[in-house]
Amino acid sequence: MRIDLNSDMGESFGAYTIGHDAGLMKSITSANVAAGFHAGDPTVLRETIRLAKTHGVAVGAHPGFPDLAGFGRRELHVTPREAEDLVLYQIAAVAGVAAAEGVRLQHVKPHGALFNMAVKDAVLADAIVRAVAAFDKTLILFTLPGSEILKAGRAAGLRVAAEIFADRAYEPDGTLVSRRKPGSVIHDAQTVVKRAVRMVNDAVVVAIDGTTIALEADTICVHGDTPGSDALAAALRAGLEAAGITVMAIGRL
Amino acid sequence: MRIDLNSDMGESFGAYTIGHDAGLMKSITSANVAAGFHAGDPTVLRETIRLAKTHGVAVGAHPGFPDLAGFGRRELHVTPREAEDLVLYQIAAVAGVAAAEGVRLQHVKPHGALFNMAVKDAVLADAIVRAVAAFDKTLILFTLPGSEILKAGRAAGLRVAAEIFADRAYEPDGTLVSRRKPGSVIHDAQTVVKRAVRMVNDAVVVAIDGTTIALEADTICVHGDTPGSDALAAALRAGLEAAGITVMAIGRL
Amino acid sequence: MRIDLNSDMGESFGAYTIGHDAGLMKSITSANVAAGFHAGDPTVLRETIRLAKTHGVAVGAHPGFPDLAGFGRRELHVTPREAEDLVLYQIAAVAGVAAAEGVRLQHVKPHGALFNMAVKDAVLADAIVRAVAAFDKTLILFTLPGSEILKAGRAAGLRVAAEIFADRAYEPDGTLVSRRKPGSVIHDAQTVVKRAVRMVNDAVVVAIDGTTIALEADTICVHGDTPGSDALAAALRAGLEAAGITVMAIGRL
Amino acid sequence: MRIDLNSDMGESFGAYTIGHDAGLMKSITSANVAAGFHAGDPTVLRETIRLAKTHGVAVGAHPGFPDLAGFGRRELHVTPREAEDLVLYQIAAVAGVAAAEGVRLQHVKPHGALFNMAVKDAVLADAIVRAVAAFDKTLILFTLPGSEILKAGRAAGLRVAAEIFADRAYEPDGTLVSRRKPGSVIHDAQTVVKRAVRMVNDAVVVAIDGTTIALEADTICVHGDTPGSDALAAALRAGLEAAGITVMAIGRL
């Protein structure tokens, strides 16, 4: 059994520092690097790619809405054309800076509101997929199982990775329990590790109502901006490996 | 004899339109495409590259300071590291969007204050050259004859193009007459054409004091944001060709 | 009978020029001045206020979403708290620059998507109204008849102005015909003038289906960014005055 | 003897947090509140003013260059007209938001590179002073002793406060020792407190060469973005009060 561990990286901006990049890079296998629209800047981007290279972590582009004030978490109703072009631009920037550091881009993971909107909006999903495909058809698209963007990616012939969340509760239909509901986030590291091992080994998860549901799992998302996220990532990696699971970047699988 | 004609392109932004791109593309051979920091946006950038491709015009990156409010024309004292990284980011973005349109990047021309500062500041010039070389050592760097950045580019083994201005008066030392002085800009199209032909055929120009001075000339800059710039560009191209000079993109020479 | 004529002003930004401010100021009575988030900059803002003062035109704040790339026309899902604070900030900026020029702020008109969303979204409407009331309870709020923001403004005790569009077709329910439908915009100046006169004198308009509907009318919106908008504004003012209607800023009524 | 303690506040932006505002507000008497150009946003600005009001801390505007990426610390060569207008806009925004919270603006302190450039550049200093005076001639201008901006402020009839740094070494000519030199910053809290008491009580400081020099002192700057800055501020206030010095906002002196 094999699994990828991904985390959002490079979200600092100028004098503003956010996240625990140096700590997390020791445990993850794929870095989603902010492209400068919702977070990140050219120097942070390059530094993050160098850090990933040092740790043998694969690099992906993490495009978001042009909304630094909202950290890309606010819905912005751009046209499909605007969405396609702003995703293409951001992939190009990350890929080009990575190439200058001798690193080949592995994947694309849309950020925040862009990601969430593309889960349900087929037109937006298509626009994002067109941008990825126009740039490089071998890039892996990170998405939610069952989402419009996963469908759009497969229809376009892209390799698509199903992302799961070991520290989040699931509804019986396979969607995430809303953060507004009690029990939506799992804080105990050992519980998170056990869930992750079961998700990978058995392709199932116990939903919030106690039922066991099936779940595709190509990569596990590790949140980077919460206190203790680097310790959780380390525990997760150690726990997965102790269970005999190979933890490696998805592009190398 | 051969010459390249270049112009700044793709400087519109969202609802704001600037320049005469559609008209100029008919006459020029190299487009310096704004990269989104001092001007341009992802949709304008892509549209401009498509327009260049349609007209067989070569595409270059036109990186500038992150100062949309000042159109990149105000000195901004970034560190050499910041300069290197913001130039690399912008080259990467333009090159990647061009690649998605099947176009290979030909050149890099720094914009506005970044260009002017790098003429005299050897440290900044080195930073820009490092960015170009890190991205692609075959890119052509557009610069002023006699500048620090031309020296830095040559020292790094880059191909360097000397840019001249057919509609600007020259001092006897080969620098441009300041725009604040009378006679600095030549408005008569036929005079501009005659100067251009002589610059290319004889590698000389008559300076403002009447002396004839030598001048390297690889590419002529056509200003795009002045009224009538498209007509001047058309006259320039026609005049050069009528004089038996081949007008073509420098990367194809 | 009396009416106010308002137009969006001060939407240029740095090197980018938009609109026909100098021409329109001769005909309008209230200027909605961009506050620097969706358009405008500090120098344009101050210049626009000076221009309004010279022409005896009343000054209002025209706050929008922080989305220069989208000119404030794209929906951005900010929280009520964010909406309140960004509207307050923009009103403060315009009012303070106006005060430095000896001009007292007359009104507030939200811009673009912020305006359109507040027509239907009672929570957002309340947030905007809270910002206006926190700054100055004597400011006049420009809104659509029948909108949530008009209701919220009245509930908070603000003076509210009903805005009408002489160059737009109306549905029988008093809403505007969508720009995507044929016949939504009326281009003939004389037809626009006749409609405006009837709107003011009889408080009615003929809807697109031929029925005559009642319509409150405190201020007529003159679009400033279309070719010929200054000529239309001049025709509108002349036509209204020829019909015996007093055209003056609403705050002076 | 009386003294004011000031610190830069409200420099967080969206998801990015910087500084120790809540801790420092307990000890300082004047807050320089970021205006949204080099740092801060509308919600942070309003929250900071509320926090200052709660602690009885006087509020000032802290205008900077429009350079969030550089935190306003990079020289940006704007024209005098641009400088005047961008300072006026920022003062207006802070003053208006403060007024909505029932707080009257006390002072203006330019930030970072804008401050440093105005120390030496008389033309820029005049532009800043014109903006302050145009907005409100009773505002207090915080500046360095001996600077061009202090001269310009006095010439325009503004009340000017001389700012000193208790944790920085001085050259014999009264300027600060460059941060690049050893001994430029004093880290020991008790030494800082002793220096501050002597600066206020005797209007002198011992320079880095051991000579005792005279020094005007109206307000002491407390750096807010360094670890332990809140503890240093508390020690400073306690030490000054223990020495019988009244610590209060300069506008109340």
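For clarity, chains are labelled A, B, C and D in written order, and residue numbers in each chain start from 1.
Rule of thumb we're sticking to: a residue touches a chain if its C-beta (ideal position, glycine included) is under 8 Å from a C-beta of that chain, and two chains touch if they have at least 3 such contacts.
These numbers come from a predicted model, not from an experiment.
**Q** Using the contact definition stated above, find the chains touching both chain A and chain C.
**A** Output, common partners of chain A and chain C: B, D.
**Q** Through what angle, between 0 and 180°, must chain C be rotated so its C-alpha atoms fit those of chain D, rounded to a multiple of 5?
**A** It is a rotation of 180 degrees, to the nearest 5.
**Q** Please tell me whether the contact surfaces of chain A and chain D are same or different in residue numbering, using the over-half criterion.
**A** Mostly same residues: over half of the interface numbers shared.
**Q** Compute the distance, rounded to whole Å, between the mean C-alpha positions of chain A and chain B.
**A** 39
**Q** Compute the distance, rounded to whole Å, between the mean C-alpha positions of chain B and chain D.
**A** Taking the mean C-alpha position of each chain, the two centres sit 43 Å apart.
**Q** Give me the residue numbers in chain D that touch at least two other chains, ranges are fine.
**A** Counting only residues that touch two or more other chains, chain D contributes 69-70, 82.
**Q** Which of the residues in chain D end up touching chain A in this complex?
**A** 13-16, 18, 39, 41, 68-71, 73
**Q** Can you tell me which positions in chain A touch chain C when the two form their complex?
**A** 66-67, 69-70, 74-78, 82, 113
**Q** Name, in rising order, each residue of chain A that touches chain B in their complex.
**A** Residues 36, 42-43, 45-46, 81-82, 85-86, 88-89, 91-97, 99-100, 131, 134-135.
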